[in-house]
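Sharing a structure below in structure tokens format, with a few things to ask.
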Amino acid sequence: MTQPITLTLDINGRTRTVALEPRVTLLDALRDHLALNGTKKGCDQGQCGACTVHVDGARVLACLTLAAQVEGRQITTIEGLAGADGGVHPVQTAFLERDAFQCGYCTPGQIMSAVACIREGHAGSDAEIREYMSGNLCRCGAYPHIVAAVRDVAGAAS
Amino acid sequence: MRGFSYLRPGSPDEAREAARDPSAAFLAGGTTLLDLAKCGVAEPERVVDITHLSGLATITVGDDRITLGALATMSRVADEADIRTHCPAVAEALSQAASAQIRNMATIGGNLMQRTRCAYFRDPATFPACNKRAPGSGCAAIGGAVRNHAVLGVSESCIATYPGDLATALVAFDAVVHVGERRIAADDFFLLPGATPDREHPLEPGEMITAIAIPASPAARRSTYLKIRDRQSYEFAAASAAVGLELAADGRTIRDLRVALGGVATKPWRARGVEDALRGKIFEPETVKRASLAAMEGAVDHGANRFKIDLAPRVVARAILTLGGLA
Amino acid sequence: MTGTDTKTKHGDASDGSSNSLGARLSRFDGPDKIRGAARYALENHPANLAHAVIVQSTIAAGTVRAIDVAAAQVAPGVLLVLTPDNALHLDSASNWLGAPPPDAPYLPLARTVTFNGQHVAAVVAETLEQAIEAASLIRITYDATDAIPDFDDPRAGEGQPMDPMKIDWGDAETAFAAAPVRIEETYRTPREYNVPLEPHGLVAQWDGDALTIWEPSQWIDGMARTYAEWFAIPFDKVRIVSPYVGGGFGSKALACAHGAIAIMAAKMVGRPVKLAVTRPQSFTAFGGRPATRQTIALGATREGKLLSIVHRGDNETSVDGFAVEPLGAVTALMYATANLSSRQNIVPVNTVLPGPLRAPGENPSAFGIESAIDELAYAVGADPLAIRLLNYAEEDPHARKPWSTRQLREAFAVGAERFGWSRRTPAPRSMREGNQLIGWGVAAGTYPVRRTAGEALVRILADGTVEVASSSIDMGTGTYTILAQTAADALGVAPDRVRVKLGDSSLPRAPVAGGSQLANLMTGAVHKAALAARDELIGLAINHPSSPFRDVQANTLVIADGRIAAPRGNGPAVPIAELMRKIGREQIEVLRDTLPEASRSDEDRYKNFTTVATMRSPTDGDYSLHSWCAHFVEVRVDADFGTVRVSRVVSGIDSGRVYNPKLAESQWQGGIIMGIGQALLEEGIVDRRHARVVNNNLADYLIATNADIPDIEVISVGIPDPHASALGGKAVGELGIVGVAPAIANAVYHATGRRIRELPITLDKLM
């Protein structure tokens, strides 16, 4: 009953077919089976946000999502955030310019979360950014710079 | 995590049928089920994915009630402008729960099925004794590290805190849980542990929450949710209060008051003692503070959680006073 | 106001105007990190990779009676169940001082259990999911004995005195007894954990007797030495690859038991093995900061001038190991006093061996002395800032040596000015806003300058670009960036023409990235190698028959903007690439180290890079070398709930010369933020019946979230310190956290009138 099942996943605009046991999470599918290592595993129990990806445009935790569950949904990871021209997303640029990371391990999750935070309209003030970015832990302590990066992009968009 | 088979039923009836076996589990947002499966607490043999079912995520705001489809996500409900108007406590409870990512995943129905964060419950490999997991095995928490454990509704079998925010608001405003045709008052949907802490809800295998209805009331319209915790965000409540207030035409007599507590009890805890003490009284700070102490009637601490007995009434009082503009 | 950058001033040490060292360049490893293209250790998947999962003990003391592996062995995909019964023999390894190991095997899987959460067994399977499931099927039975859960247990006793930590001058006890003003209090910090966001783990692959390890490491050469000794293979047969490290904070410097298990498993199954320590397991796979308690007695004049300090400290250690958290580190350094006595004991309990966590010693030490001096300020009615200046140490009171540089007075001054300290009303509970009690607190911090010799390779390539190579690492500390800036400066090229390779033991060696020493020692080594490469290039340009400078008749040449030219501008300005082509060179390669001339044998070099035995103390030499900081903090405490939120931080910081202010500010801020978490949130909660830390995850071991952190202003007041390092820098990484917790505790006292002497300052302590 735990036999692998064949899943067809839409990841970063590409169709990927992969045979996985049903219990495999989206996070492990990305990292161990699809060579998409940009999405990070920090706790594997929904407590740190390092594995944040977008499913149908909404930010979710890949560690608490079954790969099987997101068949038919559009999945975007950090690798798919850049435009088709290969450039980087404005949030990525802002993170670099603001030095909004140090070790870089939480960074893809922070960036995916920040892109969604702005799109949701939850970047209206520093206080709102702080609250809506609190699902992404950063042990290096880049928080003020993360807020600045989100503010830069949200401000430019509004 | 144990292996399981995965099913994606095409209709609610198919889903119920597939989950009728006790070894099956519904999968909605997955934030509880997969978390507990990883801990070794949940060991479903069959996972029935209901996230693809249509028609169960509708949000309706009518004159007499708000109806939330069970598969509506927490974030959608939290951000719904009508809900912020008709029952702000619900929106505030939701938007202070977990994180933005988890709120995008977790559904309203699934949220009601959230289980305790008791560290002993969540670590079966280390602590075999847990009456909630294994009836009759004992309680590893009692006598242990209990700072986050409950002071209300506890029994000799279990002192695990109910951790949720939303349900606290639902209980305050007499919400009704729809399980197909069945209707269960939110307060009755959560069972006290007593001698059977393993039984948390009056649901039978295969029964599926389909919607939650919140009756409209003046108290719901003038409501708030106050959550106090050590960390500013992304943490469960040390103590929280969902409160609704209706003042009489004189603007100072309390006509209706709703109070429910979170983070301090084994279930979302309706504090009727506070409501009764204040209904018909003049709204003024000292009266409110004194009456709020009634929230802790019957409270029992186990040492490190004693602070909750002091904290919770202050949370209640502040929430009530805030609603009345006197905080 | 558009952000933190615009609010940050720079001291003399960082002009920010040049294009290289001192410039505010974005980090060079940033583009890969923001695109998710930086490959961390566990993302290396050699062909035929198998997955290992560890099983830990659920008792704290006793012996393993039996391990039932039957169900696990036959579970799908299982390749190996590893227990003490079938584990390979390993030799013990020398410790980080290089002390010879005991003549006993090393046992990464325990038969004798000394702490709850100790590794006992492991499973290797085809997939991660299969390994996890099979691990859950292993049944271990124990013969448990009584455990000592913490150092408050009476059975723990007083512990073992650490004589080398003994500090005495004057007659402290007598002076204290005679002092007109006396305070004596005990300060405590709980177990704290490093919790880097990247979990520990490794991928191990054998190829004959050659071993390749992909593992996040703060000290590649030190870990390689340990692995070589455990597995009895030559040091040069171990290759460790660690180009990115997802945070360490002290926890990734030394090889751990899980490393031995993975390498052993790879050998036994004949396949590469990946082992990722789970987040809960990480709380006992290596130790964090031990719990500490210290009693401080201050004797002073009625004006608050210190007469005596009597200090007694204890920290927990494991029952079979040795961990010292030097609690007198700041006590004996910060203030001038004629009399001081400090003692320290370590108290064995059933815990994993504690390890280093950001500013080990200085951090809890500062919590003690910087709280105590604040208490003294209130006792004598002095301003907390004024009492610190009153007792300012003009020289190192312990070593009796001049400071190399000590810009602490400047840090206090600029911090106070930017914070608005003069507007503070002295009485506790005097700055209320509605339900919020506002408090302002100050505390100082310090961290020593440690020095070890380094080594670097610099290569000028035919295309005029430059390569720098070292087995040192960058865990977010900015090594990639500042080494490029250093080489660029020395060679006269733009920083973006420099490519830095790090994190591979096949590259020139490096000592530990710990003790905040790496930036200084590596910039020194790169500077030296780059200057030598430059000299060689100039020599060729002057002397080579095909050089365009052959006829310029210059004694020397200059290189700027990637062009080589005569100093007075007479003659051509030739791009380096063109010169290389003309003289027919593919590359100019220079390897340099900064070892003393007398200590350059192979044995010396091995010792320098694989142990900490050659690390020089901050007072070795004519001066006492330290970084300094002053933190000003505003807290808001809810009058009813006791919740504390930090609403403002201003810190004046003296780290000497700053090589890249943008990155240094990030590290200082990061330290301050970790300090906020330490002050208010972080605590390993021990179930004393089981001697087990029960909040072993990131939902229950609370670290600060974004919402917990206010604007933080860091202001560099450092000046280049030529005694501290080749290029004038002092310690950066560990400095920022030191003094934050006492500054917050002091602010909480000012807000509430309640003195909290036990971290963290949680709401229940203030209600």
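Each chain carries a letter (A, B and C) given by its place in the written order, and its residues are counted from 1.
We adopt the following convention: contacts are C-beta pairs under 8 Å (C-beta built on N, C-alpha and C of every residue); 3 or more make two chains touch, one makes a residue touch a chain.
Everything numeric here is computed off the predicted structure, so don't read it as measured data.
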| item | value |
| --- | --- |
| Chain closest to the assembly centre - both centres taken as Cα means | C |
| Most extensive contact between chains (C-beta pair count) | A-C |
| Computed distance of Cα centres, subunit B from subunit A, in Å | 28 |
| Inter-centroid spacing, subunit C versus subunit B (mean Cα positions, whole Å) | 42 |
| Multi-partner residues of subunit B (each touching 2 or more other chains) | 1-3, 232-234 |
| Multi-chain contact residues (two or more partners), subunit A | 2, 21, 23, 44-46, 130-131, 133-134, 136-137 |
| Per-residue multi-chain contacts in subunit C, two or more chains | 76, 129, 699, 704-707 |
| Parts of subunit A lying in touch with subunit B, wherever the complex brings them together | 1-2, 5, 21-23, 25, 44-46, 49, 52, 58-61, 63-66, 68-69, 72, 113, 116-117, 120, 122, 130-137 |
| Residue ranges of subunit C touching subunit A (in the complex, touch as defined) | 2-5, 26-27, 29-40, 42-43, 45, 76, 127-129, 195-199, 244-249, 276, 278-279, 475-477, 662-663, 665-667, 669-674, 697-699, 703-707, 709, 711-712 |
| Complex contact set, residues of subunit A against subunit C | 2, 21, 23-24, 28, 31-32, 35, 37-48, 50, 77-79, 82, 88, 92-93, 95-99, 101-108, 111, 129-131, 133-134, 136-148, 151-152 |
| Subunit C-facing residues of subunit B, complex | 1-3, 40, 117, 119-120, 123, 125-126, 143-145, 147, 228-236, 238, 307, 310-311, 314-315, 317-318, 327 |
| Subunit B partner contacts - residues on subunit C that touch it in the complex | 58, 76, 116, 129, 132-133, 136, 280, 435, 640-643, 645, 680-681, 685-687, 689-690, 692, 694-695, 699-700, 702, 704-708, 762-764, 767 |
